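Each of the next two complexes has chain A plus one more chain, namely chain B in the first and chain C in the second.
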Partner chain A sequence: MDRKCLLAIGAGALIRLVLFTAFPSLPTILAQRVEISTPVTSYKRLQEGVYLYTHGVSPYDGGVFHQAPLLLSLFSILPPSTIITNLLYVLADIFSAISLIQIASSGVPTVTPHHVSPRKANSWPPWAIAAAFLFNPFTIATCIARPTIVFTNTIILHSIAAAVNGRRGPAFVSIAMATYLSLYPALLLPPLLFLTYDSLKATPKPSIQAFSAITMIMLSIVLMIYFKLSHLITGSWEFVASTYGVHLLLPDLTPNVGLWWYFFIEMFDSFRAFFLCLFQLHLLIYVPSVCLRLRKQPLFALITLIGISSIFKSYPAIGDTGLYLSLLMLYNHMFSLMRYTFFLAAAILYATFLGPAFYYLWVYAGSGNANFFYAITLVWSISNALIVADAIYAALRDEHETERPELIGKDVVQI
Partner chain B sequence: MTLLFARSHQWLTPSPLEILSRLLGFFLVFTLSGNTVVADTYKEKLDLQPLSGQFLLASFNFQNHGPIEAFNKQMFQLFPRSLGQILQYTHTRELHLRFALGRWDSELWGAQPGDGQNAGGTGVETWAWVEADNDVEAEARWTSLNNALSGLFCASLNFIDSTRTIRPVMSFNPTGDYPTTNTSRLFLLHGSLPKEPVCTENLTPFLKLLPCKGKSGISTLLDGHKLFDASFQSMSIDVRPICSPHTGTCDIEIQQTIDMVLDISRSLQRKDSPVPRPRDQHELICDTSKPYASNEYCYPMDNSIDLPWSLSDLFGRTISGGCPFAINLPAEETQHVCIRAPENKLTTMETLELAAPTLTEGQPDLKCYMLRENVPFDLSFPKQQPPISPLRQEPLLYAERSFTGHGQEHGGVKTVLRNPNPNDPIEVVYLESLPWFMKPYLHTFKAQVLPVLAGEEDVISELYYRPALDRKRGTQLEAKLIVPPNSVVILTYDFEKAVLRYTEYPPDANRGFDVASAIITIPPQRRRSDGKKVPATSIRTTSLLLSLPTPDFSMPYNVIIFTSTIMALAFGSIFNLLVRRFVAVDEVQRVDLKGKIRGLLGKLKKGKTE
Partner chain C sequence: MALRVPVNLRKNLSVVLYAFQGLSILAVIVGLASLLLLPLDEYSRRTYISENALLPGQVHAYFGGSEQNIVRAFRREVDLLGNSTSDVVAERMAEIFRSAGLKVGKQRYSYKAAGGEYTGENVYAVLHAPRGDATEAIVLCAPWRNIDHLLNEGGVALTLALSRYFKRWSLWSKDIIFLISSDARAGPQAWVDAYHDLHGENIQSLSVKSGAIQGVVVVDYPGAYHRFESLHIIYDGINGQLPNLDLINTAVQISRDQMGLRTDLQEMWNHDDGYRHRLRTMLRGMVNQALGHSTGPHSSFIPYHIDAITLATHGDGGWHDEGSLGRTVESVFRSLNNLLEHFHQSFFFYLLMAPKRFVSIGTYLPSAMLLAVGLTLTAIRLWVDPRSRSGEVEKEEKREKEREGGNQGEVVAVDGGPKRELFLPMSIVIGVHFCGVIPFAVFNSVDHKSMSSVFYISIATSVILPTLISILITLTASPHRLLPAFHLSRCFSLLFLGMFLSTLATLNFSLSFLIGLFSLPLTFARTTPKSVPSALVNSILLQATSPFAALFAVAGYWGLGVEDILKEASFGWWVWGMWTPVVVWCVWWPAWVVGRVSVDSSFVMAAMGKGGDL
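After this line comes the complex of A and B, so read on.
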């Protein structure tokens, strides 16, 4: 890590600490924003869970707390001081930035065993990628509001950093932890397998089938250990229904930036189960297709799946989008191939500013109704989806130009 | 036999079936009183108490005792059979049912009658001790009890489901005696329906349970139009077993009460003109102390004058004689109508035969009258000169509860408990039953004492909390706390408002959702300063109106279509890229718009020439 990286990390930590100390009411205000905190990540709900847990009431026998038991024990052993909690969140973000620097330094975004980007000279240096993460307003707001998605993001980034360096153990222990914390990182398993396999330094390489089988067994053992630990902590298995059940069945319809909440408020009761299955399967169907088509760039497939799940999962927040956008910066070298950058950036800004305004009009001023905020979530989701699609276009173009260098700079069509 | 027929003619209902049942009832009473067999004893009493601000509290009390053996054998005498069979079928040992409307203004009226034991929260409230082997069986019996009571009382009691049922831990104790029943087999269940509008259809079945069915006795005064026009009214039914500690015999007791606070001036005005009209200017009494008071401007003074009234003025009718079941009792129990007023306050009687009231020793301000069968009774209260201020009993505790915060996302609840006693602290149990869509944060639950005293920071001694489960169970919060003398305890907590599915909103979704009254119970205790006993008292706060964020109810189809379109668009644009391959533009034969039109025209020409 060079001086510039340290400088970026220092500045990122400083801005967070300044925001925490100079505006003591800011964390509370941001923690109540539906765009940042969801029922499965909210810090206020975590506090409630810890309070109930330390007072001998099972927090999973209630409708407020839906987060993993290990978080509960972590926060119950922490001293009840705001400064320490805030520092923990700042540290998590610093750790994420370090992981991003490791990923960028490994060179995997531009050079994989199957693909070398012709534009690799254009890629950003690691410190710039760390800065893009640390100074991303979505990331900063998420860190200040202290939802537990911060830890999931850190763990995902750490897992990727381990994978690009070919360290299978840490990569899968981490992804198991991320899955345990918020379920949807399970979608990242196949690309992570490819990524780890491609980065393996061992010679001779084992076959991909054997490698996958061993990894999956290891992963299941680790997951089982996590579950058993949780069972020991809470004394019962009811946490499974109260955490993963909520992700899957959406009993809490609190508004968020995603597509699910209003759809299932307005859904006819007889079709609710059908559409719940459909929405979950919809998310699942991207995994094999993205992995197969982007086999040459498994890291990009993984980032794409992070982007897709940040749009279509049951309780998304801007923290998920922040993670996706920061990871996308690793592929900065091919942004010149994207077609709608200006339009999409404008749409994202539009949704970012109008979202809180329309939410205020609905919930506080009473001069708007739920459709106002719903319309903004539609704009937000479609612009994010088009960013994902445009990035895929750029990546495929990049691959295509490696195969046929004579087409660089020429118009292409898809058939 | 001829005598019996002569009696029955004077009753108002002409239905032959009812006459027959009355005859049978009479026959039973005669035979039982003739023999030495113990029959049901029935008492009824009306207590009138003028309250400050030209209000009158009328408390009706109907009480019936009967041996429990006869009850268990389904031999009902005066105990209402319809209710008795429900209780037996559902194994309910003790039942308390409350219908209430309006707010008891304790600042103005003082302590509630009967220590608040007969009052309920706004709407319908019910709790019962059900005998069962386990919790599941108790729940099933509770459900069938509510369904049956719902039919009997024409109330929506069948809507008391698992989300509206709680199992209080500290607030309620059985008031009956259970010498033979194992108390671990008794399950207490409590339910409330704060939104239920209590009205005439609940009063009619209530009166039907009485032996005289509102046709004679003090219950003749109970008219729906007057009762539900009152500023506060509360109907209660309590059934419980009572055992004598000396003989060991057990009775089943049913007690029905109605407390109503009548606005005297409003009731008198209703008598003059049934349609409410503004008063004429010359009838107005103006407050001349106002700076703008003149011939043109008048600030009307309400309820300031001591109005003369009589029972027939207020209730629209007189008492049509005593209930036959309640007059053949020992002399000390036949005080049917009592009025509590200052000693020197005058009362006059319309009926000469009943002129002299009975005076109870030690209570000079209580005047009681005895009703005679078939002799109408009226009581009038003339204008007093000079006006006498009514008696007011200081309540043990003042309680009020309100919402804080704004917006439809989150809010807070603030309860203020004030102990007016200058010397003694008071121990109270605070119980709240919240609907599941109001999600409280217990970590924000705070008790603050004002004025701040050293060593009194922690007033909550016990806390019982059962969090809500979405669509399955409501929140139950029960706290035992001590309110220091002459101070205020403020309880606060934050909560979050859930968004519901659009089918879960009521038709008037923007009106909001009613949150049941908080129940404050003061357990029996001894005062520290004088060692006097404080009886068990119960206080209800008002119910609250919770407004939740509402979706647009008119657009389920639109939302399904819009969201699906966005998902299809995302799916389409991503899969379009994933499944197709790139080629250079000049490698494919491109057909542009011009070419397409040319091709189309060519086809048309070809067709024409053919």
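After this line comes the complex of A and C, so read on.
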């Protein structure tokens, strides 16, 4: 890490500390925003859970708290001071930035064993990528509002950083932890396997089948340890239904930036089970296709899956989009191949401003209704989906041009 | 790869550029024209009562006869207290309410804004509904002094008389609160804040409360002379929010059809229901909405999602007296009493152009949106424009170097021409937007006395600042990056402005429309180092449409001094939570500064001989 990286991290930490101290009411205001805090990550609900837990009541009774038991024990061990909690969240973001710097420095975004980007000279230096993460307004807002998604993001980034360096153990212990915390990171397992396998330093390399089998066994053991620990902490298996069950079955229909809540409010009960399966399977079908098509760039496949799950998962928040956009910065070198950057950036900006305005009209002013906010979440999701699609186009084009250099700069036309 | 790129458009950029230019001009023209079409019969609609439960004017109003004598007695009482301090007034009013058998509460408040202190004491009484469970309430309010600081003799007397009169009826299903606020601007705000436990520290909490407030009617009936000509219905709320149209329709229908009372809107006393008068009513409504200030005691209730109107008497030559006004209020209250749920059926977004003529949001929103779209289209055009790219020479060299330096057998691609340098323009735009906090904070913290000197200093600063910024940038940045930097900073600034305005249009249509109108020169005021005269014209045009020029225009419209407007804005921010100053200083002013920077840079570049091709 050079001086610029340290400077970026220092400035990123500083801006968060200044926001925490100069505007003491800001964390509470932001924590109540549905765009930032979801039922499965909200800091307010976490506090409620910790309170119940420390007073000897099962936090999972009552249907308010839907977060993993290890978070409970972490926050009940912490001294009950806001400064320390705030510092913990700032630290988490700093660790995320460090992981991003490690990923960028490894060169994996531009050079993999199967693919060397013809544009690798254009990629951003690591400090710029860390800065893009630390100064992303979505990341900052998420850090200030203190939802537990911050920890999931940090752990995912740490896992990727370990994977690009070929360190299988830390990579899969971390991804197991991310899965344990918020379930959907399980989708990232296959690309992470490819990524780790590609970056393995050992010679001769084991076969991919053997590698995967051993890794999966290891992963299951780690997950079982987490579950057993949770069982010891809470004294029952209640937490499974009330954390993963909530992710899967969507009992809490609080609005968020995703596509599920409105759909399932409108849904007749008899169709609910069918569409729940459909929506969850829909997320699953991207995994094999993305992994196979982008086999040459497993890191990009992984980032794409993060982007897809940030749109289609049951309780998304802007923190997920913040993670995806920050990771996408690793592929800055091929942005020149993307076709709609300005339009999509403008659409995201529009949605960012119109969303809170419409939510205000609906909930506070009473002059709008739920359709207002839902319309904006649609715009938000469509622009995010288009960013994912456009980035995939750029990545495929980049691969294509390595195979056929004579096509560089030529236009592609549908026949 | 079967993916499609619009090949022709990417090759022939000039087509795109012309198309966008044409489209943005078209959007602006259509936006303006469609606003002027609204008063026509084809575009506006007759008002109608949407909530059937209201049944306006279906009951007989009994207020009159001997009640009139009671009003006149109370009028005498109010007259005697005319110049007393607010605590004497409050004590006497409380006594009267108590003698009528009502629960009484008093509330002192004190606000500080623009170096002045605004104190007073509200007094109110709660009539518990004989047929209700105290979960809902309606409010009858009379300010002791109305918005023009006149003693509201008739209004207060009528409220006192109605409190005794309503007490005798057994049909109320909602509690009725009689509120005598100490003034028309700060008092109601203090009361409604405290009613919802959201009051500041210098405001007392309320000792007696009732249920959720469903509607508010304010009576403004000043002067010793008790005859009046017509009823002026005032409905604009803080930040341009409006009460539900059903409430206005109820009041209009009752006073016109049941009582035979003429109703006026927006101080249009001789409305002939022709195009011109409709347009003027609508425009006056838009100005009030855009300023977002309080137009009467009812305004403070509206942000709490409480529908409220003021009924003000107008003229003193008519044949109506307190009896007609009392019956009107009685009948409106009977209608409000009928409400089954909160007002929700009718429109919350509308423009009224005659007492019985309106346009709804679906018809008028496109005009403000089109102005914002015009700005956004211009931003897109500026982005697509090849002049936004810089560093052609540098990149060519780099490309050569990369070709040579690349390893053997490795493919190196450099994509389509020069890149856009985003850092400098982005930091100009974001920096200027953050600077907007400075005038906002300064104007909200200075004293009333020093307001005008601060105002002229800030005009001077605001005139010089853009020139300074452009000189600074011209001196520091390398010449071939200058024009693209100014070009892109305009692009981002217009993008932000378009985005803010379209968001604002959903919250406060009129403010968004007026700012959009004033910002039109920003779409064509560009950097022209080769042509100083056109830059001069642009500069003058921008100066004439600056936020300061708009302030002068508003001051001229109301016939007040600029410092009075600024004092009002500061008062609005501290007391009412009025957001107009935030929008002006943090959205509009930065966009204007960036526009001036790119125009002024033409002079600076011409003077320094750094002008490129444009």
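Observations, loosely collected:
The rule we apply is simple: the second predicted complex is superposed on the first by the 412 of 415 C-alpha atoms of A that agree within 3 Å, B and C clash if a C-alpha of one lies under 4 Å from a C-alpha of the other, contacts with A are read in each partner's own complex, and residues count from 1 in each chain.
Note that in this section contacts are C-beta pairs under 8 Å (C-beta built on N, C-alpha and C of every residue); 3 or more make two chains touch, one makes a residue touch a chain.
Because the structure is predicted, anything quoted here is derived from the model rather than measured.
Shared-chain residue A:H247: touches no atom of chain B or chain C.
The partner of chain A that touches more of its residues, comparing chain B with chain C, is B. Residue contacts after overlaying the shared chain place A:Y374 against chain B, while chain C stays out of touching range. When the shared chain is aligned, no partner comes close enough to touch A:R295: not chain B, not chain C. By the touch criterion defined above, A:F358 lies against chain C but remains apart from chain B after alignment on the C-alpha atoms of chain A.
After overlaying the two complexes on the shared chain, residue contacts for A:I311 are found with chain B alone; chain C is out of touch. In the superposition on chain A, contact of A:Y393 is made with both chain B and chain C.
Within the superposed three-chain model, A:V57 lies in touch with chain B and out of touch with chain C [touch as defined at top].
Taken together, the two structures place residues 364, 393, 396-397, 400, 411-415 of chain A in contact with chain B in one case and with chain C in the other. Of all residues in chain C, only 1-5, 7, 10, 241, 303, 305, 342, 344, 348-349, 376, 379-380, 383, 402, 410-416, 419, 495-496, 499-500, 502-503, 506-507 touch chain A in the complex they form. Within the complex, the chain A residues that touch chain B are 32, 34, 44, 47-48, 50-52, 55, 57, 59, 61-64, 251-255, 259, 261-269, 282, 286, 289-290, 293, 308, 311-312, 362-364, 369-371, 374, 378, 381-382, 385-386, 388-389, 392-393, 396-397, 400, 404, 407, 410-415.
Of all the residues in chain B, the ones that touch chain A in their complex are 406-410, 436, 439, 441-443, 465-471, 496, 498-503, 549-552, 555-556, 559-560, 562-563, 566-567, 569-571, 573-585, 588, 590.
Against chain C, in their complex, chain A makes its touches with residues 116, 118-119, 121-122, 336-337, 339, 342-343, 346, 349-350, 353-354, 357-358, 360-361, 364-368, 372, 393, 396-397, 400-402, 405, 408-409, 411-415.
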